[in-house]
Structure formats: structure tokens, C-alpha cells
Amino acid sequence: MTVTMPEVSAGEVQTIVAARRLRHTKTVFIGVGRPSTAALLARMVHNPELILVYESGTIGAKPFHIPLSIGDGELAETADAIVSVPEMFNYWIGPGRIDVAFLGAAQIDRHANLNSTVIGDYAHPKTRLPGAGGAPEIAASCGEVIVIAPHAKRTFVEKLDFVTTVGHGTGPGSRERLGFAGRGPTAVITDLGVLEPDPATCELVLTQIHPGVEAGGVREETGWELRVAEELKTTEPPTDEELGKLRELLER
Amino acid sequence: MTVTMPEVSAGEVQTIVAARRLRHTKTVFIGVGRPSTAALLARMVHNPELILVYESGTIGAKPFHIPLSIGDGELAETADAIVSVPEMFNYWIGPGRIDVAFLGAAQIDRHANLNSTVIGDYAHPKTRLPGAGGAPEIAASCGEVIVIAPHAKRTFVEKLDFVTTVGHGTGPGSRERLGFAGRGPTAVITDLGVLEPDPATCELVLTQIHPGVEAGGVREETGWELRVAEELKTTEPPTDEELGKLRELLER
Amino acid sequence: MAELMSLSDAVAELVSDGDSVALEGFTHLIPFAAGHEIIRQGRRELELIRMTPDLLYDQMIGMGVARRLVFSYGGNPGVGGLHRFRDAIEHDWPRPVEIEEHSHAGMANRYAAGAAHLPMAVMRGYAGTDLMARSTVAPITCPFTGETLTAVPALRPDVAIVHAQEADYEGNVQLWGIPGVQKEAVLAAKRSLVTVERIVDKLELAPGGIVIPSWVITAVAEAPGGSRPSYSLGLTDRDNDFYKFWDKMSRDRQQFTEWMNENVLGKELSKR
Amino acid sequence: MAELMSLSDAVAELVSDGDSVALEGFTHLIPFAAGHEIIRQGRRELELIRMTPDLLYDQMIGMGVARRLVFSYGGNPGVGGLHRFRDAIEHDWPRPVEIEEHSHAGMANRYAAGAAHLPMAVMRGYAGTDLMARSTVAPITCPFTGETLTAVPALRPDVAIVHAQEADYEGNVQLWGIPGVQKEAVLAAKRSLVTVERIVDKLELAPGGIVIPSWVITAVAEAPGGSRPSYSLGLTDRDNDFYKFWDKMSRDRQQFTEWMNENVLGKELSKR
């Protein structure tokens, strides 16, 4: 069945793996880019009832095209409800009504804390990044967080240049001390594999590798001594349906 | 001109005097009953641009009929904008966007503080009244407050049984100490005359009597030693237009 | 997702003796049908929460449903007092009712804090009044300006019940006209029931329409005319005459009881 | 009441050098025409406030309008970074820009507090992040539960500028679609300007329509297409290609300057 398909890119696998995570999710909070594509794919393949929430205030959007911005007209036109930004954060995100949030980051550390603010010194940055946006409160309050990031040493770092968003802080108990209601990051999905926090230490562990990837290669692309799970799984290859629908979506 | 009109009631004069106060007002906050009638009359006779705001959230309502409740359908149907109750109090009343508020009360003291909560002891009341509603924050924040009340000893009392709403507190400086932005009560319009606070002491002084009323009679109906202004004015009698329009309004 | 249920099943499932229950609707969209069903099912010891008790809570209090009342304005709008509310507070009839009272601004902010699942909201209010001592508010200092503001504790009812114009078969709800604090009440409560005038195939966003998605609602029940004698803008009219009638009729305990027996208890809920 | 003015007169009258100015619009209804007029009129030393600086502030910063920037997300939505924003922060070009940054939740609550004329809002947020130290927020304790929450100071800009679909001749404004924080920005500011796609005889409440009454607005100016390359739902479409084009073109200082000279400075505002 899969032989008819052209070669699968690492980015496609990453998107497909992210979509699979939404199989039993009721509501997902998504930004633009790969997370948005993954959520749309999940609605097409795994979970047609999945409710998409964008921070622009569109609740239950059903876009046919992958939106460029989180506030594209199609999101507003297809939403079940549209609310103001204060309402979105105060009544919807803050109370933890959203089950899963997809977040990206420029840097991520071993406890899944995220930096999307600055590379280098804050006052004299090497690279000024966009900043926090909704991430800190989304990560604090949503049921769980799934991070989507490219796997590279400059992204998976020993120490963040700036803590924009708390994942598991300094380890067990951090989130509780900060009063966070959500469970925090439960997975980091990269183009090489999946990292999940060790329940005991909250440290990210490589639990899954995509087809054709070696654990050693993943460790090389990680800026800390990445632990590898004893039972390392290999990602099930994309099905024809997944890949077909993904490509259909990207071509719309 | 006025000879053609049937006899004028004290209540009619009270309503007409209240309406005149809105001649140069941009926005008025009104409850139901006489205040609402006065504001509608003002729109008909003195100030067609007057903007009516009801605590139900209807901003710029233009009812043809006197509404029974502050949330009648006609208010919603004719409003420029409708907002939620939290928004009404937080974004519209609190910031002092409303110039004049009409308030009623079961008891009023010499500093124009109001009781609409209870007559007698709080725990074992003689008469349980409806309670605060929007009054405390309306009186604190609106540009000025005009109280509309029937003139009787049981209403104009030496000491309130319960301070529901602060008018001028214990006198000069009270409002400033409480952080109130509005000027507080500027007039109490009764069926006998008009009381206004002395600028120096904030104590209500009789400044105007309606036609046919004697200052002595007003003092008798007041529960404290009511001061009478040196230059006591007499209310200009209702014009044909005022009375005609008022009766037209009441008959709709 | 909200479950579509009959009103009687929904009340049976969602409302238990001793619960704190908020039936909201500011003049408009007052959920009378649901309140009557609570009376019929004989619920007791409820903490009833509502900005404006209105005739609905007058009826529920008079029928002995309430142990406690949380409110900000207990009048018959435009008409006068609420006689059953007064009789309960003044003479403990038919039973004593504990009260906690606020201002409208305070109640509205308490619902908003509840909808945000925050423990409190800050506002300017209550200052200088005797309400401050009778209520459950506290001063709080702004760390930036030093100004003393007022903190009000969040409302988190066990159940919120509101009425709306329509829902679709998936339980998404739309209301328009005066929105009051209905959305806040639903979002603040642990469980929620929305009664609606009608169920439609597809919600078309109405001018001024507010949509509450199905997935934050526990149950939706069809109840045509369910806000009478209040109203559902565009579908039913406010029965102002009934509000005036109530003022006269409800002064007398026996007349009230007979009226309720005949018009509420005696009415089997029509099967749907 | 809002005064109907030409856009150039409105900017000349409302925006002065050194003002704090919030041009809001969350992806949707971004007031580009007004921002361009500010650039054309040569305003300097502005404190620019905006949740998402977007291309508009990238242009204004690149043209040297801003002394200070208050924001929560400085990206080109769905595309990448903002090169003029980065160049100003990284290399002080064309001039140094002081920054104050927040989270979206923080900025939204700051506007809401501003609209309420309160000195602050309370929320859960910022906790544990390095933003806490770089921002202007403070811990605050709930007097009821003892929980440590975060207080954010109110935003009260000198001027707020937003774009909407339509206004009537009395200056009442209606917008629909994603409402962002536009209403809050207008209500929080000392002065406000609303640019609109069209002026109509009478506003008809639209599905999802939000009306801002004339009497809380300072000026209304007609500016058809005034939100391009952003959009005005129902009337214009978002020019996603332009957002992608901007990413390439604006990397180079000279290209940027030439583009602005030709497309913004060179464009006389069409007479209306």
C-alpha cells in the first residue's frame, strides 16, 4: 500500500506524529505553521470532532486551507464562536478549558522549558526573537502541552538564554509551586523523534525515533546528555491516508 | 397658555423638574419609574440627543414607551449598543463615562447618603428593601448624582438605618478619602422642592420649592433641621409643552 | 459536549439538595421553566445565587427551596418589593433564609472571576457603605499606585442554569439581546444547564448573537416559553402585566400557595 | 461625540510627538492607513503600544517613529521574524528603541484594566519566567485564599487608533469578526481615532457586530482599504502574499527605505 507514495520527508513525519497525538483530544490550542497543519490533519484523519482554538479568539474554527496567520478570515468565518483577546485568555485559556496546546520554541532545555524571546544577552541580543505571545499562560493552564520543534543542537540546549515559558521548571514540584493547573509538556515532537518527560525526574527522555533515525544521531543533535528510554519505540510509518491527506492539505 | 391644562400633580412637577436638569446632559444613567419617565421627557422636550444608559447593558436606548423594567425588550431593540453586566459596570460606569445618574432611595440623610437596603435592624428588619443593586458604584463614579425621592419624614431621616450608598459621607473630604471620582449628589428632587448640598458643608439645603409649597411645610416633612437657602427659588411652573408631552408619554 | 435532555431529566441529574445554584438572566431570559421544575422535584436546602432574585426566586423562596440567598437587588423591577423574599427575611416564612448581599458591580465581577477560575476580582466599590461589613469583600492595595481597591471573591456555583433563544442538536447555544451575566455564570459553574426556546439544525449567527459552545455546557433542554413571564428577545414578549399581578397576588401567603399549587406544582411538564 | 475628519486632519490633531500611541487590531483590522499617515506626518519619539507589532510597527520602527515599544509578540505571523523590529533592537537602526515586553494575557488584561480606569488587573501569569523581571508586573496576594497572583499595571495610552468596517454619520462605529482588544484600547485611551472602510447612513447590527458608540470616540475617519495588507472581514481579504513578500524585502535597510519612500511617503493621501 505505501509503495505508491513518494518519499516521506522528516517534516511530514513530524506533522503526522503530532496529528496522531490528537486522536482522543477534545480541544486543541494551536499557533500557525506545523501545529496548525497537524491539527487540521487530525481532523481529516483521526478525529473529525476535534475543536480548534486559536488565540485570535476563534473557537471551533474549521478552516479548509492551512491558515497563514492565527487570525485569517477563514478562521473567523468558520468558528463556532469568536471572543475578544481578554476573554480568550481569561475565560478560556486560564481556566484550563483546552486539553492540549501545541507550542514551538527557539530553545528548549531538558525540563522542557522554552525560550522564544532572545538568543544571547537580553540587552544586547544576538538574535531578537518575537517574544512570549500567549505561551507562558497557555503552558501554565492548558491540560497538557506538546512542543513541536526542529531537532538541532542550537534548539535543544543545556541552558536557555531566556525562560519565556515554564515547562517543568527545575523538575518535580516546580509546576505545583508556581500554582500551575495544567500538566505541562507531555511530549516534544521533533523531525527525528519524540521526547517525553521521565515521570520521576521530569527530564526529557528520547522515547521514540522516526523511521531511519538512530538514537545516536538524536543525541548528537541534542545539547545535553540526552537519555534514551530502555524501550525505545520506532514511529509507525505514515499510512497512505495520512500522507495523502497531508499533501492534499498542503496543496489546497 | 397654561390655563387650558388640567391641574398639575406634585408628581408631575417632580418629573418635569428632573427632566429640566438634563437640558445640557450628554449621558444619563437611569433606573425605572420616575427617573426613566423624566429622562424620556427630557429627550422629547429639552434634549433630543440625550443618551440613555440602563444597567441592563442597553446604551443609547430610545424607548417610545416608558419601560416597566430596566431590561424591557424595547430598550434592547432601540439601543445603540448592548453590553454584558460585567462590561457595563467595569467599562462604562466605573470609569465615570456617564454624566448624570438618577437614583432613588427609601431613606436619605442630610449629606445625601442613601439607604435602599433595610428599615430597622439588619438581622431582624422591620422592612426588608430590595438592596443595593448598582447604586453604590453608580454614585461613586458617575459625573454627578440626582436623587429623586418623595418628600416625607420617614424618607428624609436624621440617621440612616443602613448606608447602602455614599452621597457626601460625613461632609467635605469624604468622597476624596474614599477615592470616588464623581462629584456625588448635586440635587435631591422631591415632590415639594429641590435640595442641594451647601458647597462648604455638603449638607443638603432647600434651594427651591415647587409652586404652592411653603418652606415651612418642607421642613416639617424633613427629619432633620432642614436649612433653607437665603435666596429660595420657586420652581417655574410646567409649560404646556412639558405637561402635554409628559401626559402623552404616560398614556402611550 | 452538552447532552440534550428533557428538562425534568436535566434537573434531576444536575441539581441536588444542598447545591449552590445560580439561575441567571438579567430581566431578559430568566429561566422560569427550570426554576419551576426545581420546585416540582422538591429540591431543598439550596443556596440560590442571582443578581436580581426577581419573581423566580420569590417563588422558589416561598416554596421553601432555599436555605441561603446570595443577591444584589431583590425587587420586582419597576413594580416594588418581592413579598415572599421579604416574608422569608422578615418573618422566616416558610423557613429562615440566610442572606449574603452585594452590589451589582460586585456580583458581576464575582461571576467574571468565577468564569476565569480566579479566586477573586478587583474593583472599585463597596467603599464607605455598610455593605462592606455584611458582605464577603476585602480591601486590597494596588502594588503600583498604592490605591486601596476592593477584592471580591469568585463565585463558583455547583450549577448554573440559564435560558437562551436556541441551540443546535450538538448543544451549541445562541442568545441575543441583553446578555446579562449568563455566559459568565455558565463558565463559572461546575455544571450547567441551558434551556432554550427552540432547537435548530444549524445556528446562524444573529445580530448581537453570543454563542456558548456545547463543550462547556453540561446539558441543554428544550423549553419553549421557558423564560415567561420574562422574555426571550425576538421570540416572546415580557409579560409586564404578570409582574404587576404578582405584586398584588403574592402578598398573601395562602393566595401565593394556592397559585403555586395550581400553576406550578399542578402543571405536569409537557412531554417532549 | 466623535468628529468626522479626514485621516490627515485626525492624525495631525490627535497624535503629537512623544505620545504613547496604541494602534490595535489582532491580525484583523490593523490600522495601516493611520500608521502610514503618522509616518508621513513625521511624528517622532512615540511610545508605540501593540500586542503584535506586525508589519505596521515594523514599518513605523524602521522609519524612526518610535522611542519605545510595548508589546507581547513581535513576529510576522506565520512567516517569521520582523526584520526592522530586530534591527532596531539588535543594532539600534535607525535609532535605539527601548522595549517593555509582556505576555498576550498580560497585555490583554492591561488594556482591560485601562478600559475600566482601574490601576491594575489581577491574573495568573508570568510566574517562573524571566519576563517577570523584564516587565512591569508585581505579585499580589488573594485576601481570600492566600494564593499569589500577578498584578499587571493598566495601559492608558494617550491615543488609541483602531480600524473598523463602518461608522454612521454620527460617528458610531461597528466592527465584526475577530474583535481583538480594539474596544478595550479605545476605552483605555485618553483620545481615540477609528478609521473605517465606509460611512453608512444607519448602522444595522451585523452578526457578531460590536458597536462602539460615538460619544466615547474622539474622531472617525473614512479610510477604505485602510487595514490592508491586514483585512476587514467581509469587505477586504488578508493579503497573505504581502506578508511573505515583506519577509524578503524588508531584510535590507536600503530596500526597505526605498519601498517606504515609494509606497508610503510618496503616496499623497487621496482626498476625500
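For the reader, a short list of remarks on this structure follows.
Order of writing sets the chain letters: A, B, C and D. Residues in each chain are counted from 1.
What we mean here is this: a contact is a pair of C-beta atoms (placed from the backbone, for glycine too) under 8 Å apart; a residue touches a chain by one contact, two chains touch by 3 or more.
Computed from a predicted model, the values in this text were never measured in an experiment.
With respect to chain B, maximal separation of chain centres occurs for A (centres as means of Cα atoms). Centre-to-centre separation between chain A and chain D, using Cα means, comes to 28 Å. Chain centres here are Cα averages; for chain A and chain B they lie 58 Å apart. Centre-to-centre, using mean CA coordinates, chain B is 40 Å away from chain D. Counting partners per residue, chain A has 90, 94 as the residues that reach two or more other chains. Shared interface positions of chain C, defined as residues touching 2 or more other chains, are 112, 116, 118, 123-124, 147, 183-184, 208. Under the contact rule stated at the top, the pairs of chains that touch are A-C, A-D, B-C, B-D, C-D.
Of all residues in chain C, only 26-28, 51-52, 71-75, 77-79, 81-82, 85-86, 89-90, 101-105, 108-109, 111-112, 123-131, 134, 147-148, 177-181, 183-184, 208, 231, 233, 237-238, 240, 243-244 touch chain B in the complex they form.
Chain A makes touch with chain D in their complex at residues 32-33, 55-58, 67-73, 75-77, 82-86, 88-90, 93-94, 117, 122, 125-137, 140-141, 162-166, 169, 174, 178-180.
Against chain A, the residues of chain C that register as touching in their complex are 112, 115-118, 172, 183-184, 187, 210-213, 215-216. By the touch criterion stated above, chain A contacts chain C in their complex at residues 26-27, 51, 59-60, 80-81, 90-91, 94-97, 181. Residues 116, 118-124, 138-140, 142-145, 147, 149, 151, 153, 204-209 of chain D are the ones touching chain C in the complex.
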